[in-house]
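Structures incoming, each one as structure tokens.
Next, two complexes with chain A in common: one pairs it with chain B, the other with chain C.
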Partner chain A sequence: MDIFIQSAAQISIQNPLCDDWFENPIAHTEGYNRSIEPDYKPFINPMAARRMGKLIKRAIATSISAKQSAGLEQVDAIITGTGLGCIENTEKFLSAMVNEGEQFLQPTYFMQSTHNTISSQIALNQKCNGYNCTYSHRGTSFESGLSDALQQMLLGRINNALVGGHDEMTPDYYNMLGKIGYWKQGELSEQILRQSSSKGSFAGETSVALIVGTNKTEHALCKLRDVDLLYKPSETALQDAVQRMLQQNNLQPSDIDALMLGLSGDCEYDAIYTNFANAFGKNTPIAWYKHIFGESFTAPAFGVYAAATCLAKESVPSHLLHNQKNEVKSPRNILLYNHFQNIDHSLILLSKC
Partner chain B sequence: MAGSLVVTGMGIISGLGTGKDKTLQALFAEKSAVGPIKHLQTTHTDIPVSEVEMTDEEMKTALHIPQSQLVTRTPLMAMIAAKEAIQQAHLQENKPKRIAFINGTTVGGMEKSEQFYLDFLGNENHKEFIAAHDCGAGTDAVADYFGIFDMTTTISTACSSAINALIIGANLIRTGKVDAAVVGGTECLSKFHLNGFNTLMILDRETCKPFSKNHVGLNLGEGAAYLVLEKAEAAQLRGVQPLCELNGYANFCDAFHQTATSPNGQGPYLAMQGALADANLQPSDIDYISCHGTGTGNNDSTEGIAITRVFGEHIPDFSSTKAFTGHTTSAAGSVEAVISILALQNNFIPANLNFSEKMDEVDITPVTKTKRKDIQHVMNNSFGFGGNDSSCIFSKIK
Partner chain C sequence: MEELILELKKEIIEVLNLEGMTPDDIDNDAPMFGDEGLALDSIDALELIVLLEKNYGIKLANAAAGKEVFKSVRTMAEYVSKNRTK
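Right, the complex of A and B next:
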């Protein structure tokens, strides 16, 4: 059975709801970056939008945009990956409780604080009674959701799904994560990230919505061939998983025209990607994406979105390449590999339509 | 459904005690675990809850984890419950090739974050707990404790999390991605969600009264429970005796309101219908429904209405065990799955405690006293915030 990524939409630290980044990515020099907000009026009634947090607005706008691009009235399933859920509302309720005590709290922020608020608000907005699920599993939250959609299509339980990766980064959470080594200090550049000589990366925010389905729609971006999640694999286990995935999809390593890796500029974690690429074959072009979209728990959603865009546009542009300057023309297959602190790992295989 | 899935192990910890035997005894004794708060540090001392008896230190001792090791309460409870399930299924001695751990939780490390939040914001103290805040951190802590898992992920759909974990694990086995899955949920009490539910004004100041006209709300509880799933043939090859079959499951969304349920119970209706269709069973095949039955007016009436829509004139025996365990939120689905399977194995229907009179909204009466009955098929409902509604069916091995 063929499964396709039929459409994609993003709101990020690049220009929102478009592919401008593919030609002209915005360079970022700050450690902390909030997403560029689009005009929400085409997607959400302004009255309703005023009651929504940033993350929900982004999730609804990207979801509607992706549905429209895929020409779908309704989806069979809504699946969201989010590392932190609606953390802004969580923080508001938590701050009030910690600072003002337990007596005079208001329910609004609590009601909107659970991780599955995102999926359920999309379902409410889109009046979708279908399967609804939320994954919150650190750096592989999005891939978990993509895997869920894939398994259900293989089993014939659904024919399509809206799969999203959504995370906001509040100032407080940015500072908290900074205390435990998530971020680089001082001014940043792509060069500094590429050198990867210190710990940490830089922060972005993620909102990516994909429509995946069993129909090859007119503007389908690529095929979704496989998703694998691995827990603390040894190097051998990781290579075995790659071999297994290629074999099951009748591919040789030489059929992979680019690796899309979660390189982030963190010297410790980038070394694992370098080992992976070396084990795979030194001549395979390496692409990355976190240097333009930033790091977040669901940043791997940008990897899938970027690779799907490259397959659809028949090019991996030079600014996405890590180990070479020459554009990769007409890529057929892209293998994505990401890991979260060498704990949770993911492999995703995409092919051109 | 091609290639039946079976449950080969299960484990539980809740206010009723540690393990299946303690749980079964408490159910037969009709003894509620809801009572005054002992462990949770809160000013709301008038709110009854169902707490796990053991302290974090006692759980670490029981698990042979050094006291100095940073593990929060949610994963500690998970380790105790999962250990029982893993041992029963002989997963460690006779390991299936690839095993997934699919864990449901929403509170995550919040019970520590709420204690140290001012430190997180203001200074360097307790910063080691920052990395333990998110839901996935606890899941991976549990996976590390056992060292047998090839993949892990975390479901966070509030009160339906554990059944959704079961659904995802079952699908991963069906497609051949993994050979076995440990699925379920875990949730400790936190000031955060106790206060959250309190602001919603749905906490009963007495023990909850599911499906009873005088119900006023729910009691929160804490606990964890896990099932081991695998294909029937795989269990046979490993020489493990299956406890029951996982016959069908479904998840649908009510898409009505963030915290309230639709008047006609559309989401619960679709979930129960979907599970029946998935299991290829008729409504009349169901011998017992282990209901979500939280004790809130909203849940009980819509769940009741949905049951009448699915089952018509012939409503099977049903009960909610929330008055025993409290509402263990993200763990509720698997806590009640274990109770459902105990009912199936021991041929009884657990009592719906504290029922006095039928609700006005719907003409249904739960089983109020423990009842002996041959059970072939049991349906287990779990509904969550955001209209996240799941149902699954366990059946005796034919």
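Right, the complex of A and C next:
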């Protein structure tokens, strides 16, 4: 059975709800960046929006946008990956608890302080009574959701799903992560991230919604061939998983036109990607996306979105390439690999429709 | 009383995040709940109960009393004026 990524929508530190980044990505020089917010009025009733935090608004806007692009009235399932849930409202709720001696707690912040409120709010907004699930597994939250959708379709339980990856980065959380070396200091550039000569990366926020389904719709972006998640694999186990994935999908390493890696500019973690690429084959073009969208727990959602866009537009543009300058024309297969602190690893295989 | 009504309107706008609304947009006597007026719902009612306790030291335990108190901004102001402890 073929499964397709029928549409995608994003809100990020790039121009929202469009593919402008594919031709003209915005270059960020600050370590901390918030998403560029679109006008939410076309997506959310103002009276409903007043009770929504930023992340919920983004999740609903991307979900509606992706559904519209796929021409769907309703989906069979809503599956969300989020590392932190609505952390902004969680902070407000916890701050109030501390400041007010655990009294006078506002219900709105409480409701939105749970991780699974994202999937739930999308379902309420879209009046979807189908399967509803939230995965919160740090750096593989999104991939867990995507794997769930894929397996349920292969089992014939659902025909389509809205799969999202959503995370926000509040100033407080950014500062806390900075203290344990998550971020690079000073002015940033693509060159500094590409050199990967120091610890840390740069922060982004994620809101990506995909419609994944068993129908090859007119504007389907690509095929979703496989998803695999590995916990603390050895290099050999990782390569075995790659070989297994390729064999199961009747592909050779030479059929892979580009590797889409989670390179982020962090010297320690990028070395793992370099080893992976060397083991795979030194001549395979390496693409990356975190220099454009930034790092977050669900940043791999941008990897899938970027790779799907490349397959649909039949090009991996030069600004996405890490080890060469020439655009990759007409890619047919892209293998994505990401790891979170060398603990949770994910492999995703996408192919042209 | 007019001063308290204005203060309450500002607090309601802030706590319920009524974006784009000013105190002048809220009629003193218009119903706060239901289909007319502000058209607030049960979660808003909880927010208003927290507001009364936090800002005015009023504990509103009786749900039936709440119906009367939150009829309009004016009834709310009258109740606050009579029962406030801070």
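The criterion applied here is as follows: the second predicted complex is superposed on the first by the 353 of 353 C-alpha atoms of A that agree within 3 Å, B and C clash if a C-alpha of one lies under 4 Å from a C-alpha of the other, contacts with A are read in each partner's own complex, and residues count from 1 in each chain.
Convention: contacts are C-beta pairs under 8 Å (C-beta built on N, C-alpha and C of every residue); 3 or more make two chains touch, one makes a residue touch a chain.
Keep in mind that this is a model prediction, so the values were computed, not measured.
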For this session: Based on the superposed arrangement around chain A, label chain B with chain C as either clash or fit.
Result: fit
For this session: Could you look at A:A49 and tell me whether it touches chain B, chain C, both or neither (first, second, both, neither)?
Result: second
Exercise. Touching A:P107, do we find chain B (first), chain C (second), both, or neither?
Worked result: both
For this session: Identify the partner contact of A:D266: answer first if only chain B is touched, second if only chain C is, both if each is, neither if none is.
Result: neither
For this session: For A:N175, decide between first (touching chain B), second (touching chain C), both and neither.
Result: first
For this session: Would you check which partner chain A:S136 touches, where first means chain B only, second means chain C only, and both and neither mean what they say?
Result: first
Problem set entry | Comparing the two partners chain B and chain C, which touches a greater set of residues in chain A | B
For this session: Classify the contacts of A:E295 with the two partner chains as first (chain B alone), second (chain C alone), both, or neither.
Result: neither
Exercise. Between chain B (first) and chain C (second), which does A:D167 come into contact with in this model arrangement: first, second, both, or neither?
Worked result: neither
For this session: Once the two structures sit on chain A together, report how near the CA atoms of chain B get to those of chain C, whole Å.
Result: 9
Seminar exercise, completed: On chain A, the footprints of chain B and chain C overlap at residues 103, 105-107, 111
For this session: Sort out for me which residues of chain B touch chain A in the complex.
Result: 42-44, 101, 106, 108, 113-114, 117-118, 120-121, 124, 127-128, 130-131, 134-137, 139-140, 143-144, 149-158, 164, 168, 171-172, 174-175, 177, 191-193, 195-196, 198-200, 251-259, 266-267, 270, 384-388
Seminar exercise, completed: Within the complex, chain A is touched by chain C residues 15-20, 39, 43, 46-47, 50, 53-54
Exercise. Which part of chain A faces chain B closely enough to touch in the complex?
Worked result: 78, 82-85, 93-95, 97-98, 101-103, 105-107, 110-117, 119-121, 123-124, 126-138, 140-141, 144, 147-148, 151-152, 154-155, 157, 172, 175-177, 179-180, 228-233, 237, 297, 343-344
Exercise. Residues of chain A touching chain C in their complex?
Worked result: 46-47, 49-51, 100, 103-108, 111
